[in-house]
């Protein structure tokens, strides 16, 4: 599987077009190198993002690099950004998990004529555009959904790594929404651990100590799966539990949603968060900066039992559960 | 007796020192005196508690009970540094060398030479003096800059001896300082000891299993047995023969004891 | 010296006691007594604070917190005692299930696949050992490099996402992790085995000798190279097996499981249990108890519902206080054994 | 024994050579020569593969990869040499900027605030040292507990998110991290200072003695407790200062910066540079070079465009191969010094 | 000469052994013979290379050049285990004890007793025998289950000596086995050595700096100087006096050399 997330070698065989010698009827372009700086490089959430990058790169004949920090350490990301710049990257997409830290580097990049986009997480600065979903906003929306589902009582909110910037804003948003609603909900934020086994242990152990809980929700992929598994195992719905849910489309999570164990999982089109930035950067380069990339909200989709069916019965690069390239037939 | 500041004329005097290590009674009731200017030989079986006594005098161990007088003053050394500040220098049986440090640093451990008032080491001077000391002791060694890990047994011991002997302390506690030394090197060190003694005002306690050496260089001999001093005579009144007999007698007794205990 | 000679058999059989006190006495005489007491104290504390703690369901959770760390800790104890350590154990943990997956997909029956996968894991240990011992690279560096190599390989093989084991319903999948309490049972059995190996076989003595005095051990004819390599292999095999159990238990082979965190917890468990980092001393049972201690803390605070930021503080303070207590208890114990 | 006595001054000044070869000779005679050569070789390799590597811009990036690790490594070398280690250094790194923030918000001028914050950091070291030395808890456990406590505290103080330093424009903020290359300059100065401390002062000798033979050191009157505590304080102070520099450099005080990862890299740097985990041996310059080595690898592979999954494999393989080379070179060097 | 399988009647014979440690020439050209049934005393200054020679014979070091014959067969021991399989037992000067292991395990290190055919240790038997050995040697020790870290110097050495001496090897290499032993314990061990010798077919090489002991128990004495054997005589033809003189002469020479070298 040489083409899964390599440095854009897919460009060699992805040359589909014929028009101007480049992709489609574009003129022949250099093999521009677009660097993605990420805050959790090994997180499965971003597997479809990387497929999106790969596909767009193959389509356009560009190269890419996936780098950054494994543990959302900002200095490591800044170093990766600076390295990309020093290494002559032609465009950079960065998940702006810090409000200030990237201002200097981004200014420097822009002044050198290197376009910079943000994806997945944003900060208000010079970057040309943002592709993704608002982390805090999505958390806030989840909080509102929690209030709707649960009404009142004790709710556990699980977070894998407290402080980690791709998830902490979500839990902050959810807590704020719950508080703002004025509902009589006792929301506890619980650290569940960086790995799936730990997350399962932590969720189960918390539930055992809090069987009066009316809701259990999580803000990261692993904890969401863990919540689903424990709700199922403990038959929590026969107890007091009225709501459960979380984020992202891990195989097991989707099954749990479709079985009705989880009420929802939030999808934010990670594939597009990779695909679109490549496209935007390419067009920007091609147009000499005339085709300014637009702000793009990749949406906030609450996947529920019905819509989960679709995801369950298909496996695709768009969800990240298959690397196979194929046309996905709609179920209905 | 020398004319010194000590009240009672003793460099060291202990009263009823006792020391246990968990179930092992190392010292039961040891009262011993080291007179000023004297070389005292301390002999006894393996495991008799000789080294333990030394380590109590240097503050490495604390006695369980008993009193210690140094230069007439009652004081229980708190730590080896404290003992040193009281004028006590020691050659430990285990040598107290740091394998990873070069010869000269080991020789000057805890009495490093500085560059004037700077807090920096005067390595050149230390090397030079280390070399001189080794030459004086007749010990051959290719470079004083080598780490001591791989030195021969005698070379290592020479470093430890030099560390203690070439100092201006007034009391020396030497725990088997010649055990690994060659015949020649031993002779030289015994001479050094005699020289030190001759200079006066220096007292020494020497542990050795070689009674020829003890009789040769000591003024008085004490035997440590059953955690107590059971024999104490000027060297003039004893001999290698007698000392050997003494210990052998103990063996015959002890052996019987063992045999019955089996 | 006046010898109060203690009969050498005193340890084995105090003559005039009933069984109950005798068991207590035997336990109390062991080095691991203090950490056992500390863990028990925590146990009692958490049970009293939250009645759900001492429920069967939570005992299962506790066992899940404990057994993977315990199993890796066993290997780390062996390695630490012989003066080595393995930073790659956590990554072997994540890697091995994917080796198993490969075999299963190739049609090998699960049981044989597990054996082969664990053998492959011990192959990683062999490599660690050879590079460390034969070439002379520091084990810290060898296994650090190996950890990175395994991390990358696992992520690539797994395509960066967890996979559901294909044979979840099978008897094997039950034995290898899914059946309740089967993980901790494996851990206990392996602890007993490794205990015998470390304390009652030549291999164990040589392991101590290799770590305590490598030069002296060589002089005495101990094959220190072979001992080190063998222990590297054992550690990797244990880690790989633990990873497999864990994968089946959570129905998910996760390329991000294990890793440095788990390795780190395992070494912590070993050290908490009384194993020195410098080599030459350590106990297997201590390693197991260390893992249990960590498990009780993590489980206990989570069940109490300590919120995420505070959890770290509770954990840290509890670790330090418990270990201070541990030191104090073992002094007390040694003092008491005198009388 | 037939002694070919080597004049003891030979090391310092070979008599009949021109300056150039003499410098080479002096470098070659040092223990750190091999890791220097390996790092240089990597440097040349990356420069030849990608011309951007040896650009000023990338040298700045390389310096950013290097200096925080290097500064923490200095402290870890001191600790490792005296037989201790500090797992909390990475968390002190994250914690200290928030202490500074507190002082700045209280109206203290930045320069004084930095001094106070670093003093507070060394207070953490003092606590580590006291618990370890006076109570007898293993340093691994003391500092593990401390790491958790600091992690929780930092997250709480920071409210779980990065904060922008309030005085970004000031001269102090330039000196303490923002000015190009100022971080590495601090690291170099501190390396020189610690080098003198470890090799040319009593403190240094005592540090070696404490780690090499604690019993013997005590017998010789070395105040081993004070040495250990002092080194804990130094390590924490260095880590805290490094964290402050890093916070200013990236214009962000990040509660998740540092942590176990950074601590781990720093200990790796120390070990790569030739410091033993078992105590008694180590070099400051080696620690710096180890950090540089890690920096070159991370920077080099990133600039080559290796994506993150593969990056792990490249890193792992490069570490192992380089260190095999390192062992081989140092054997060669010792052989050559004979003739 | 004994009537054994060896071709040339020598238990050990070396030809032109040389060994350097980096810049240090430890052995230059050593040819030495140990006859079957003989006790050979090996003496020499500190750092003369005696221990190095022993370590080469046990396979701990490899010689740079030269040949070794054991029981008449040319063989260079590859490792201490290999040497042991050739019937060689050794007391190393550094004792080769593992501080963290109890007395009895140290005594049986690398010759542990098993429970029948099981791969399990027979601890009870080992403890019991360890106790017996120590009693035989007259060494007092409270429990054979204690770790050896804190034992006295002589107690430690006794363990190392017992490890070697109570075995059925045919060649014993003893590197200063009495250095830390008390007068009584030394006497007992010397007796043990005589007993072993009397049983026949056992050859020994004994390094010692105490020439009285050497003359007492050895059949022949060799002096190692300048990395070569410079003196080789049956004990009957020499005396403590002569040996001491020999070494002292070397000193006067060596000292001059040093002085001029300064």
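When the chains are written out, they are named A, B, C, D and E in that same order, and each has its own residue count from 1.
Note that a residue touches a chain if its C-beta (ideal position, glycine included) is under 8 Å from a C-beta of that chain, and two chains touch if they have at least 3 such contacts.
Note that this is a predicted model, so its numbers are computed, not measured.
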item	value
Required steps from chain A to chain B (each step between touching chains, minimum)	2
Path length in steps (a step moves to a chain that is touched) from chain A to chain D	1
Chain pair showing more contacts of the two, A-C and C-E	A-C
From chain C, the most remote chain by mean C-alpha position	B
Chain separated most widely from chain D, comparing mean CA positions	E
Separation of mean Cα positions, chain E and chain C [Å, integer]	42
Whole-Å separation of chain centres (CA-atom averages), chain C against chain D	30
Chain centre separation in whole Å, for chain E relative to chain D (CA means)	46
Overlap residues in chain B, where contacts from two or more other chains coincide	23-24, 45, 47-48, 94, 140-143
Residues within chain A bordering two or more other chains	4-5, 42, 162-163
Junction residues of chain D - those touching two or more other chains	1, 3-6, 155, 160, 309-311
Residues of chain B that touch chain D when the two form their complex	55, 58, 60, 79-81, 83-84, 90, 92, 94-101, 105, 109-110, 112, 119-121, 123-124, 127-128, 131, 140-145, 163
Residue ranges of chain A in contact with chain C within the complex	1, 4-5, 42-44, 46-47, 50, 156, 159, 162-163, 188-191, 194-197, 200-202, 204-206, 208-211, 222, 225, 229, 234, 250-252, 320-321, 323
Complex contacts: residues of chain C adjacent to chain A	50, 52-53, 55, 57-58, 61-62, 64-65, 68, 155-156, 159-162, 164, 246, 249-252, 254-259, 261-262, 298-299, 302-309, 311-312
Residue ranges of chain C in contact with chain D within the complex	83, 85, 131, 135-138, 140-142, 144-153, 155-156, 160, 260, 264, 267-268, 271-272, 276-279, 308-320, 323-324, 326-327
Chain E residues within the chain B interface of the complex	21, 23-24, 43-48, 51, 93-94, 135, 138-143, 150-155, 157-158, 176, 179-188, 209-212, 243-244, 247-248, 250-251, 254-255, 258-259, 262
